[in-house]
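Next up, some structures in structure tokens.
One chain, chain A, links the two complexes that follow: it is found with chain B in the first and with chain C in the second.
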Partner chain A sequence: MTAYLIRRLFYAVLILIGVNLITFWLFFKINTPDDIARMQLGAKRVTADAIAKWKAERGYDKPLVYNAAAQGAKRFTDTIYFEKSAAMFLLDFGRADDGRDIWHEIRTRAGPSLAVQLPVFIVGLGLNISFALLLALFRATRFDFASQVFLVAMMSISSLFFIIAGQYVFSKLWHLVPISGYASGLDSFRFLVLPVAIGVFTSLGGATRLYRTIFLEEMGRDYVRTARAKGMSELVVLFRHVLKNGMIPILTGVVVVIPGLFIGSLLTESFFGIPGLGSYTIEAIQAQDFGVVRSMVFIGSVLYIIGLVLTDISYTLVDPRVRLPG
Partner chain B sequence: MNFLPVFLWTDLLLFLLLAVCAAYARHAARHAHLRAPWERVRQNPVGMASATLLAVFALIGVLDSLHYRPALETKPGAAGKTQYSVEVRSVLDLLAQSVLGPMAGKSEKTYSAPLATHGFSREAREVTDAAGVVRTLRDYPRLVNGGAHLADPARERNADIAVHAARGLALGFMVWLALALAILAATEGGGASSLGQAWRAAWSGEGARPWRAILLTLLAICLFAGIAATLGSRYHLFGTDKVGQDVLYLALKSVRTALMIGTLTTLVMLPLGVLLGIAAGYFGGWVDDLIQYVYTTLNSIPGVLLIAAAVLIMQVTIEANPAWFQTAVERADFRLLCLCVILGVMSWTGLCRLMRGETLKLRELEYVQAARAFGVSRLAIVVRHILPNVMHLVIISAVMDFSGMVLTEAVLSYVGVGVDPSMTSFGSMINAARLEMSREPMVWWSLAAAFFFMLSLVLAANLFADAVRDAFDPRLVAQGRRRPLRQAREA
Partner chain C sequence: MLKTALQGCCQSAGRIAAVGTLGLSVLALQGCGEIWNNPYAAASPLDNTLYTSFSERPKHLDPAKSYTEDEAAFNAQIYEPPFQYHYFKRPYELVTGTALALPKPRYLDAAGAALPADAAASAITSSVYEIRIRPDIRYQPHPAFVAANRQLSREAIARKFGMADFGATGSRLLTAEDYVYQIKRLAHPRVNSPIFGHMAEYIVGLKEYGVTLKGVQKKLEGAEERETWMDLRSFEIGGVRVIDAATFEITVRGKYPQFLYWMAMPFFAPIPWEVDQFYSQAGMRERNFTLDWYPVGTGPYMLTENNPNARMVLSRNPHFRGEPYPTEGEPGDREAGLLQDAGKIMPFIDRVVFTREKETIPYWNKFLQGYYDRSGIDSDNFDQAVRSGVEGEAGLTPEMEARGIRLRTSTATSSSFLAFNWLDPVVGGADPKNAERARKIRQAVTIAIDIDEFISIFRNGRGIAAQGPLPPGIFGFKEGNASINPIAYEITEGKAVRRPIAEAKRLLAEAGFPAGRDATSGRPLVLALDVRDGGPSDKARLDWYRKQFAKIDIQLDVRGTDWNRLQEKVRKGNTQMFFMGWNADYPDPENFLFMLYGPNSVAKSGGENRANYENPAFDALFEKLKAMDNGPERLAAIEAAVKVLHVDAPWAWGFHPKSYGLAHAWIGNSKPNEMARNGIKYQRIDSELRARMRAQWNRALMWPFALLLIGVAVLAWLGLRYWRRAEAAVALARVKHA
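Right, the complex of A and B next:
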């Protein structure tokens, strides 16, 4: 087990290096700092001096990977790759275009993101599983059919509509909650209740249908037939056998998204004005702040890889049949 | 020639895709085992109803992909080459203009509500009263085109709308009746002795296909089209947007963008996912390790962020090379193509993993082992024995991904990394409407139109995908045969 985990960790580092190289290639090789400078300064008043000044201010005026002019180890460290890309492994993300420290921003903004995403995750998971169980219990009835139609319709509506309609009805028409904004502490409840509800609602269609399929597949197994043959009631079969075994693929499937909850949701946060990482990212994309986008790509992959390792661990914890190769 | 055909990149790729589909259909029609699952799809009422709706959307998309540049008026007697307008138009534009008349395109000054005769906001204008004094009056201006045929809108409007709506419904119904009879005569005519019998059989559900579902869907489409044709040529059926463009026309134009995103992305994704997945599964060893490494790495980067990064970079490239494009349409088209390629490159990983797993299973089966023992080359084994046996998964995931891509486009346009701002899409319509949320009274119609069209497209795609999955997935097919769920419940 330990040896396996260590191997997975090495693999994770390898993947991170890959992500790092891809982002470096995308942001500096395909699209040189000169191009970015030209776009940010505007095409008209661009001069060679202005570009040089822009690059110097941001530390982009160095060679990409190899600095022939420097001495010793500095040949590799005094380069864009080392200062902008490799430094991310030490959580040194540099400064955004507005001069703020990116890592500091990320730490302060992770809280609000988590305040939205964690309730969405927990409530959503509970609701989806309960609904799916209900559908599995009443499978092939009118209720099942009507719910299926409802769920497909839910899947077909863009989440943008849910957010717009929710804001319009609950905030503008009925004045139940503020349209947008955020407060810290307990006061945040009234700001969070609508985004959380909409987040849960949006995930309902796809997830419930998936879980229903998983439960139905489990119900077709031989052990379920045996349990029924022994005269167990349908409810006992459902809760004692089907639910427990169906939870294995469900739980191991959702573990991978848990670390990603920090990243927040781009849409929800920007519509509801929640100062989390999602709105940070969207603002950076709209302002074309490549430093921030690059950092968020890196953070996102780190969290995903943590999720992958957690998934591996959760398999061994939940399913006794799985013994990882040592 | 009074027009110059224009072939945009996405048009060509769409035609290529259609050709591939046609070739596949020909191939499948000749082989019983390939025909069987499609036959199951054709007997599924929901699947066929959604396929009918999708076919109409596809027709709109194809018509909108036939582009041309109209010739400019030349002075009589002036020799030399014909000059063509820089404005690129499509056959759909031409059709819309002939049906909707002046309503198509930009015809008002700013917002107007659906079926309105007057503008949405007051405007100041100068009036000379009886005494000859010029005064400034603030009121709602008459629209240039919407309801322009009415002399006294306040009194005549409701009756006029009712009359034209009724005429539209009648027109739609007649067109539908003709279409339905033509289709039945063409397909069922051989078996049934008369058209009347085929008609009755279709409605009682005895035909070879679920005609009732198909015909009812067609009826709904025809009725809507009838109303759009009669009412839409006199009023703005869905109102106008901020710069006075007819929202119905915008929604029709958005269909092509959505279809392109949905289909071209698949065109990019399929070869990557299938080839790499099979290679990883079949060859194993370092090839497998490398491909797994690549897709885990790509997967680990948050999708929207990677797309956003790639699109930002593409924007820089486009802005750095203005000489590549002759017209604004070509530039927007290139951007759409890039977006499809980027989305495709981001989303092949799921299919690749699926292909790899299936190939791993298949290559251990006896018939593949036998082929290997007989000395069949590896390429031949992959082409003849592996590929045909994973095709059902390819088809399922291709249709399942379509609707997701259409929804993704809306989100990307909201984030600001979607299609070119000059290109209409559902995302840009929603985005523009969102900014008007706080207006009082609210401008709701572009949102409603985008919602209506997008929901019908995506819902039809989802339902069709379900039907295809049910027909192609051997596990589901086997389950259905062994023990229908209803019986299992009653047991």
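Right, the complex of A and C next:
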């Protein structure tokens, strides 16, 4: 497994360089350093001198990727790309264009994002699996049919609707929880209960239907028929055999999203006033802040790669037949 | 065994669920009437705290950089420039802030000899402003005023996480030197103030000072050195000097009466050298300890919590000298109860909590629940909050009135309009051969765009149709028929009515486009409007514009593009028409008319004249009026200049937005002021009334929740029963029985 992990790490570096290059190219295809300076300096009374000073101060006065005026390796290192991107591989994300430290910002915002996303993930997973098992148990009954209709309806409705409806009913009509806001410590429960509940509820439709299908597929297998033939009750079959084997495909989709929980959710955080990472990238794109965009894309890529590696490892843990190539 | 265990489990779970549901339901019903949705549960409901919101995180809190409304909401409460605007009087009037008096400039000629106050502007080479500040003003407590905190090692700074970690704080008296220091900071190459370019044109020696500092900066080698503190006291500006501890003097080129308005903005707030030295220590920037993040001022409030992602808190500055509440206002203010606190010492509020709200739905609902003390009105909530009276006047809906909410309206000192690019061969006037034809096209478009309809449809009536570049509240703006733009309106039975479309078509025909087609080639007249791509939400607005142009048979080609490209096209003069707007820096007509002054052409000189309009007659009038003091002579010059603009129509005059604000009954002394941003110190709160209203409006309603729980429990019970029956059922029962 060690050899496998080393190889994946090597691939990861190549992937990250590629992602970084593409981000850089796309960003500067749309925005020039002058545009970035203008955006930061505001719309009023911006002079050419102010733009030049802003660029010089932040290193945007250099060529993008190749410095023909420099000598030797400096032709590549004395460029915007190298100066802004190379340090990122050492987790030095530098400063946002408004002068603030990006790593500090990410650290500060990741906590609130995780405070919402982690319970949504854990409770949602538990609830979705339980509900899917229930549907598998009552398969082909009126309850199953009604639940299918309900789940398809859930999938068809935008999560924004659930957020607005949830805020309207629980906060505005019933006055049970604050409509938005955030606090740290135990007081955070009051602010998180509604976004978490809505997050769980929103994920119910798609995930439950998928898991139900997985469980039903398992229930049609020979070993299940054998278990029933041996006189095991439906509950025992479901929990001892179907659940265990059904978890393997579920794991594939689940483990990969775990690292991404840090990134947060744009809609939930915007509507509930949660100071997380969900809107950080979008705000940076709107503000044409290359420092933040490249950092967030980099972190997103790293987390995704970690998720994929974890998925591969988790396969070997739950299915002894799977071995990672050395 | 597992089967038995599972069945046992299910039975126990069923019983527990039943008991639990019953228990929860009882608890839920008991909870009815309590307040559960208070987002400030940790704070006492009787706190003397103003609760408000912000949507955009401030980028800069350094007064030398900050230039947006969002940032001014904080900075204006913290920093004190020498002057401020009178809170109540209209038209807007400058009064003293930290200064003891409004200075009368001394005018000098080229030889340095004094000139009389009424000397012609052309004779004046420089104006000298001597400003004397109050001697009793102290800074807020801050670690920068403790000498030991200005000599910290990088390692020591690395262990600090907030201002509180620096330990001891100090303060000192405000001095004239601090104002001079801040003026010097405007030229600092690391600060990069947005107004440096403009101020360098006026403040004698500032440009040269910038060059000097740039040279010093260049000599510093290595990243660390480039960040080290540059003691600006070591370098002098020719036109700015300290006379004594409480007096300083600024010399500006020529006659520039608007300079005093600039000195009412945070750009001219004092910054002590100690603060600059403190934040310039190696390692401070890495920890986000900058003046951009932690402001230091002498104002009524200081920033005590700075989390721009969630919450910003201003607390009363314990060293604030106290300032008396104004004793006079404009007619009606006394009757409205706005002068009840006359002479009392401000501020009245202890703390201001700004919570970040990005979305309007939670923001609006929290206002209705009493958790925000005041609110703007979004177009989505407009009908819920406002209704029009018989005369078209705005009033509150019964729902709002029942809550004691009050409506405050004011017309913003800003203008929005559609600009014609003067360099364009079709609509521009730069080419003398086509100038007359283009003028008629512009005039026709000005008539065709029914801006009153636009305001009614797209702004819920919140705006007034512009008759020229000057908005209400600015000297030179005229109310009523006297100000009507005669190109677009005519007076019929004493009322201004929009000229008929036939007139616009006639103008177009005279321009050589009868029925919207070129009289010689027969080709249709197509005009291009460059807009920022706003997606589907902009469609209705742009369709409306297409319709306006179609009324006179002009085809409108709307070209959506991203913000950068649009700005680039405007800067290079590569557009035909585009939208733009301007929000006043200060209440002087010069601040609007300068956008039409020829030498300010964006394509030629990078100035703010984005339409690239150029007319020697207008330019001459502008040069004359910009240096004049307000009076009949200046008014006449403004009228003449606006007349030239009416005929030339370089902009299709748009509208001046009206801002509608709501405030709860417990907020006192609130009056909209479009120029002053430091209004919090004047306001007061009746905390008891607020606590009572909040309690009344937010009683938790638990029975629906209990009902929901019982419903879920019943469903679970039904499911359990069904499953048990299914488990107990026997296949082929009849056969077995037989």
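As a convention for this text, the second predicted complex is superposed on the first by the 289 of 326 C-alpha atoms of A that agree within 3 Å, B and C clash if a C-alpha of one lies under 4 Å from a C-alpha of the other, contacts with A are read in each partner's own complex, and residues count from 1 in each chain.
Going forward, a contact is a pair of C-beta atoms (placed from the backbone, for glycine too) under 8 Å apart; a residue touches a chain by one contact, two chains touch by 3 or more.
Not measured: the values here are computed from a predicted model.
Engineer: Using the touch criterion from the header, give the chain among chain B and chain C with more contacted residues in chain A.
Structural biologist: Ranking chain B and chain C by residues of chain A touched puts C first.
Engineer: Classify the contacts of A:53 with the two partner chains as first (chain B alone), second (chain C alone), both, or neither.
Structural biologist: Second partner only.
Engineer: Could you say whether A:239 touches chain B, chain C, both of them, or neither, answering first, second, both or neither?
Structural biologist: After superposition on chain A, A:239 lies in contact with chain C alone.
Engineer: Considering only touches as defined above, state whether A:190 meets chain B (first), chain C (second), both or neither.
Structural biologist: A:190 contacts chain C only, not chain B.
Engineer: After superposition on the shared chain, which partner residues are touched by A:171: those of chain B (first), chain C (second), both, or neither?
Structural biologist: Only chain C is touched by A:171; chain B is not.
Engineer: Does chain B (first) or chain C (second) touch A:100, or do both, or does neither?
Structural biologist: After superposition on chain A, A:100 lies in contact with chain C alone.
Engineer: Now for A:35: first (chain B), second (chain C), both, or neither, which partner does it touch?
Structural biologist: both
Engineer: Using the superposition on chain A as set up above, list the residues of chain A that contact both chain B and chain C.
Structural biologist: 30-31, 35, 38-39, 141, 164, 167, 172, 288
Engineer: Provide the residue numbers of chain B that touch chain A in the complex, in ascending order.
Structural biologist: 293-294, 296-302, 304-306, 308-310, 312-313, 315-317, 319-320, 403, 407, 410-411, 414-417, 426, 430, 434, 437, 442, 447, 451, 454-455, 458-459, 461-463, 466, 479, 483-486, 488-489
Engineer: Going by the contact rule set out above, which residues of chain C touch chain A in the complex?
Structural biologist: It comes out as residues 2-3, 6-7, 10, 35-39, 41-42, 57, 59-60, 67-68, 189-190, 192, 194-198, 285-288, 290, 292-293, 307, 309-310, 355-359, 361-362, 365-366, 369, 371, 562, 564, 567-568, 585, 606, 608, 698-702, 704-705, 719, 722-723, 726-727.
Engineer: Could you pull out which chain A residues touch chain C in their complex?
Structural biologist: Residue list for chain A touching chain C: 30-32, 35, 38-42, 44-50, 53-54, 57, 95, 98-101, 104, 108-109, 112, 134, 137-138, 141, 143, 164, 167, 171-183, 187, 190-191, 232-236, 239-240, 270-273, 275, 279, 283, 288.
Engineer: Chain B touches which residues of chain A in the complex?
Structural biologist: It comes out as residues 14-15, 18-19, 22-23, 26-27, 30-31, 35-36, 38-39, 43, 139-141, 152-153, 155-161, 164, 167-168, 172, 216, 220, 260, 263, 266-267, 281-282, 285-286, 288, 290, 293-294, 296-297, 300-301, 304-305, 308.
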